[in-house]
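Note that the chains take the letters A, B and C in the order they are written out, and that residue 1 is the start of every chain.
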Amino acid sequence: MPERATLIDRLHVVQRGELTPARTWAYRLLAVLGALVTGGLLLLFLGLNPFSVYATMLRGALGSAGMQKETIKLMIPLCLATLGVALAFKMRFWNIGGEGQICAGAIAASYFAYFHNGLPSWLLLIVMAVAAILAGGLWGLIPAYFKTRFGTNETLFTLMLNYIVMYFITYLREGPWRNPEGGFAAMPRFTKQARLPEVPIPGVGNVHIGWIVMLVMVVALFIYLRHTKQGYELTVVGENEMTARYAGMPVKKIVMRTMFISAGICGLVGMLQVSGPDRQLTDAVANGRGFTAVSVAWLARLSPGGILIVSFLFSVLQKGCSMMQTEYRIPASMSDILQGVILFFVLGSEFFIRYRIALRKEARA
Amino acid sequence: MSFFDQLIAFLYAAILASVPLLYGTLGEILIEKSGNLNLGVEGMMYLGAITGFLAAFLMESALMALLFAFLAGMAGAALYAFITVTLKANQNVTGLTLTIFGTGVANFIGETLKENYPAGTVVVADHVKRALLPLNMGALSDIPVAGRLLFSHSILTYLVVLIAIGMSLYLNRTRHGLNLRSVGENPAAADAVGINVSRYKYIHILLGGGICGLGGAYISLVTAVGNWQPNIVGGQGWIALALVIFSSWSPLRAVLGALIFGALSVLRLYIPKEVIDIPGAIFSMLPFVVTCLVLVISSIRMRRENQQPAGCGINYFREER
Amino acid sequence: MTEPTTAISLRGLTKAFGPVVANDRIDLDVHRGEILALLGENGSGKTTLMNMLSGIYQPDAGSILIHGKPVSIRSPKDAIDLGIGMIHQHFKLVDLFSARENILLGQGAKGGLSPDQVCARLGLKVDLDKKVYNMSVSEKQTVEILKVLTRGADVLILDEPTAVLTPQEIEALFDILRVMKQEGRAIVIITHKLEEVMDISDRVAVLHKGKNVGAIDTAQADRFVLTEMMVGRRVDLDIQRVPARVGDTILDVHQLCVTGSDGHQELQNVSFTLRAGEILGIAGVAGSGQKALCEAIAGLQEVSGGSILLDGKRIDGLSPREIIQRGVSLAFIPEDRLGMGLVGSMNIPDNLLLKSYRDQDGAFLSRKEAREQAREMVQRLDIATPNLTIPVRKLSGGNVQKVLLGREINLSPRVLITAYPVRGLDIGASMRIYDMLNEQKQKGVGVLFIGEDLDVLLSLCDRIAVLSSGRVRAIVDSRFATKQLLGMKMTGLTTDKEDAYA
C-alpha cells in the first residue's frame, strides 16, 4: 500500500443526482454526433468523403417531394410498430415479437383481400384492418397468456413466434396462396378494392392513408397512457407489479389487454403495409421493422412524441442508405451498421447521465 | 438406400446441423453464468462467420480462419461487455443492437466482396475447406455405424464437444468456476469476498463471444462449404438462446439439446414424401415451435436449481443504494 | 499521533450521494481488543461509514489509517487484505451455494483457515453442507461470521447484527464477540439499540446526521446521555399505551394455513382475534410467517385452509379487488413500502390514486382531486417534499411511510395491518408513526402491528401474539409479559401442549 494514494487510486465512479432534462438530451445528442463521426471515419476508411456521403443521404431522403414521400412511406410502419411495442415495454413486457405480429396482421388482411374482394372497397378495407388487428393481437396474446399463467420468458417466446409466422407466410407463398400464373413462387397482387386510398400531404403529395392513421395513433397513445385508467394501470403494473396486485388491480387481465393492444397495433401495420405500398403479401412484409421498433422505442424513451421524431430520423437514415447504395455502390446494410453505431453510442451515453467520475480529496491528518 | 442407411444418414446430418447451435449455446451459457444476458448471439455468430470466411478466403489458412472468427466474436462481445459492464447500459437493448450491428457488418462485407471480385470467384480455396470439412480417419472412419457417426466429422465438431466437457468441468469442479457462478448469482456477495466482479464478467463474456464466433465460422465454412451467402446465420443464434434455456444452463445437456434441434432442422430431408408430406416451410418452423414448447414447459416446472443465474439482466454497481 | 493499540483511524471521511451528505468529515479511532459501538439513528450514516472501511463505498474526501499508515481501500478485496471483515445487515451470501462453498468463495488455492477449526474454537454449530436457502437467519449470520474469520480478519464490523435474532441468539452472538475481543481483535458493532450498547461495548461513538458527535467510554454513559447525543435533543423515549376501549371482534382468523409456492408450510393453524380499538402485536423472528399472515389477510396470498372473517364476512380466498368490492375496509402497510404499497417512480398524487382511481367514472382519469388530496396530506402530516411532482422514492423513509399510512388512513379502514412500520425510520418519525397508530386505535380501528423490537411491542400493543415457524405459540397480555418470555416463545421450543393456554 502506498503512503500517499495515487491519482488513479483516488478516481472512482459515483451516482449523480438528478440531471436537468436539457442536459440529459444534450448528452444524447452528443452521443448521436459521436456516432456520426464514427460512421464518417468508417466511410473515410472505405475511401469516401463522409461529408458528401452524408449530404447524399440527406438529399436521398428529403431532397425532393418524391423522396420525402418514400421516406414517409418507410416511416409509417416503423412509427406505428414502435408505438405498438412501446405500449408493452411501458408495462415492462419485452415484446420482441413485433415482427411476427406484423406478419400475422398481414396474413389476416390478405386473406380477405384474396378471397373476399367482392365487397365494396371501403367495407373490405375496414374488414381487413379489423382482421389484422385481431390476428396480430391474438398472436401477441399467446406469450402474454403463458407469461401471466406460468411466468414464461416473453422475450424469447415472442422472438420464436416471429419465425413461426414468417415461415407460415413462406408456406402460403409456396403452397396454397401461390399465384398460379407467376413463374416463381409468389402471391398475387391485390385487386383495386383492397388497396388503401391515398391522401395528399401538403407539399409532399399523395401518400397512402396510413400517415393519417399514424398521426392519430401518436395522439391516441399519448392520451391513453397519460389520461386513461387503463394507461395508469399498465404503468403501475410495469413499475411495480406487487403494488398493482396490492391495489387490487387485475394484473393478468391488464397484461393480456395491453399485449393485445400492443400486438394489435403491430397487426394493423401488417395490413397497412400489404394494402398500401406492397399491394400483395410477401415474405418481406415486416422486413425487420419489428426489431428496429425495439431500438426506436428505447431511444424515444417510450414517449409517443419521441417515437414520432426518432422513427422519422431512422427512416431518413434508411432511405438515405438506399440512396447511398445507388450513388456510391455501398451496400444498403450500411444502414444496419450505422443504426448499431448510433445505438451503441446512445446506450453508452446513459452512463454519463447517471454517473460521474469523482476524485477523492486527501485529508491532511 | 435401406431404412437403416437412411437413419444413419439422418443422424449424421443432425450432428452436422447441431454444431453451430452448440457453439452458440455454449458461448451464451458462459456469458449468462457471469450474470449477463446477451441477446447478441446472432450478431456475434455473424461476425465470426464473415471474419472466418474472409480470413479463409484471403489468407488461405484454416487456422487463421478459426483464430479470426474467434477474435471477431470476442470483439463483438467486448463491445457488449464495455457497454453493459463498464457503462452499465440495458443488457437487452445492447444485445439486440449487437445483433443488428453484427448482421449489418457481415452482410456489408459480404456484399462488398461480391461487388469487388468477379462473379463466382468469392469462394474459399479447396485446401482450406478440406481442412475443416469432415475428416477421413481411415480405418476408424470405416467402422460400420460408429465410423460414420463418431469418426468422420469436422475438426470443429470434435472441438465443440471438448469445449462442452471442459466448460462443464470448469463450472462445477474448479474454484474459478465457483467464483464465476457466484458472480452470476449474486455479484454483491462475490464482490464482498474480494472477487473482481468486472474482471470475471469481462473474461467470460469475451470467451463466450469467441465461442459464438467459432459457430459462425462453422456456418460459413462448413455448412455453406465456403460460399458466402447473405443472411447466412439465419436465426441460428436465436435458437441457441432458446437452447440455453432448454439445457437449463448445463453445457452437457446443451449437447443433447443441440442434437435434438439439429435433427429437427434436417428431418424434412430424410422423411420420404410418401410417408408424411409436409411442406418445407412447415418443417423449417419446427425448431421454433419446439423452442416455444420448451419455454412453456420449463417455466411450468420451476425448480430452485437449474434456473437462470439470478443476477442475469441486472448490472452491478457496487455503490448502488 | 497514533497510539500503538489503535487499529483504525478515520480522518475527515466524507461521502455524499448526489445532494445528500451521508458522512461529513468524520474522525474516529478503533482500538485493538475493544468492542466499539457505533450508535446512531436510521439514516445517520453509520452503515455508509463502515462501508467505506470495507471497500464498498469510496470516500469523496478524507483518509483511512490502519496501524497509523494511510491506506487506500479501493475494493472489498483491499479491505480483506488489510484484515477488515464486515458482516452486512443484508447478508451477502449466494443462496444456491452451501455454507462451505460460500466460505471458500474468492479464496485462493492455499485458502484461509479451515472453517471446521474456526467452528471448534468458537464453539459454533453449523452444518457446512447445508444450502443457504434452507437456512434460518441466525444460521446465515453464523456463515457470515465464519466467512470473515476464515479470512483472518482482525477488524470485525457487524452492521445491526441483532435485528433479526431472538434475545437468546443475541446472547450467544455476544459471547462469541467477547471471545474475539479477548483474542485482541477490534470489533465495531453498528446499532441503534441503547441496551445493546450498554450490554456489549467498551466504548461508544455516536453519529448524528452524518457527523460524529463524540465517543465516550460505555462505563461513563447512560441511556439519557446517549439518546440526547443520538437524536440531538432531549426526547421522551417512552411510547404511550393509550388506554384501550375495546369493542367487538372485527377480525377473526381461524385455523389459517398457508402453503408457500415451494410447498413449505408458511402458516399452520393460526388463530387469533382482533377487536376494535386495540393494537394486537405480532412478535417473532424474521421469517416466521409474518409476511404470509399479512398477505393472506390482505388477499395477496392463497390460503390453503381455515378462514378469515372481517366484520363477520369471509374474506379468505378473495383477491384484494374482491375485498374492496365487498365494501369491507381493510388497510395494509406492507414491510417493504416501495416494493409493495407504493410505486417509487410515481409522484404523491399518482400514488394516492392507486386506491381511488377505480371510483372515477368513465375510461378517463382525472388527477385533480388526487392533487388536492396530496396537498392537504403533505400539510397535515408534515411530509417534507420539495413539490408534488418528484417520485416518492426520492423522499426519506419517514416521509414515504407517511404517504403510505396517510393514504390508507384516509380510506377510514376498520382494520389496519402494519408490518414493521418504523423500519428504517429515525426516532422522531417513528414516534410520529406510533402516534398515528394510537390515534387509529382510539377511533376504534383494530390495528395489527407486526414488529421486531420487543420493547416497542411491549409498550405499544395491548396484546401480543408470538409467531414461530408459522404457528402461534402464545397470545399474551403485554402488561404482564416480559422480553424473556416472548424470546422463549419465539424460538418455538415449547411443546404444543403449552400453547394451549393461548
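What we mean here is this: a residue touches a chain if its C-beta (ideal position, glycine included) is under 8 Å from a C-beta of that chain, and two chains touch if they have at least 3 such contacts.
Treat the numbers as computed from the prediction; the structure is a model and nothing was measured.
Trainee: If you tally contacting C-beta pairs, which pair wins, A-B or A-C?
Mentor: Ranking A-B and A-C by C-beta contacts puts A-B first.
Trainee: Using mean Cα positions as chain centres, tell me which chain lies farthest from subunit B.
Mentor: C
Trainee: In whole angstrom, how far does the Cα centroid of subunit B sit from the Cα centroid of subunit C?
Mentor: About 46 Å, centre to centre.
Trainee: Between subunit A and subunit B, what's the gap in Å when you average each chain's C-alpha atoms?
Mentor: 27
Trainee: Please work out the Cα centroid separation of subunit A and subunit C, and write it as a whole number of Å.
Mentor: 45
Trainee: Among the residues of subunit B, which are close enough to touch at least two other chains?
Mentor: In subunit B, residues 319, 321 touch at least two other chains, as defined above.
Trainee: Two-or-more-chain contact residues of subunit C, please, as numbers and ranges.
Mentor: 17, 58
Trainee: Could you tell me which residues belong to subunit A and also touch two or more other chains?
Mentor: In subunit A, the residues touching two or more other chains are 14-15.
Trainee: Give every residue of subunit C touching subunit A within the complex, in rising order.
Mentor: 1, 9, 11-14, 17-19, 58-63, 65, 69-72, 74, 82, 298, 300, 319-321, 323-324, 332, 334, 338-346, 350, 353-355, 357-358, 360, 363-365
Trainee: Quick check: in the complex, which residue numbers of subunit A touch subunit C?
Mentor: Listed in rising order, the residues of subunit A that touch subunit C are 1-5, 9-10, 12, 14-18, 227-232, 235-236, 239-240, 242-243, 245-250, 358, 360-365.
Trainee: So in the complex, which bits of subunit B are touching subunit A?
Mentor: Residues 39, 79, 82-83, 86-90, 92-94, 96-105, 107-108, 111-112, 115, 235, 238, 241-242, 245, 279-282, 284-285, 288-289, 291-292, 295-296, 299-300, 302, 317, 319-321 of subunit B touch subunit A in their complex.
Trainee: Can you name the residues of subunit C that touch subunit B in the complex?
Mentor: Within the complex, subunit C contacts subunit B at residues 17, 54, 56-58, 75-77, 80-81, 86, 88, 92-97, 101-102, 104-107, 109, 133, 147, 151, 262.
Trainee: Where on subunit A is subunit B touching in the complex?
Mentor: Listed in rising order, the residues are 13-15, 94, 96, 146, 150-153, 155-157, 159-161, 163-164, 167-168, 170-171, 174-175, 291-292, 294-295, 298, 329, 331, 333-337, 339-341, 343-344, 347-348, 350-351, 354-355.
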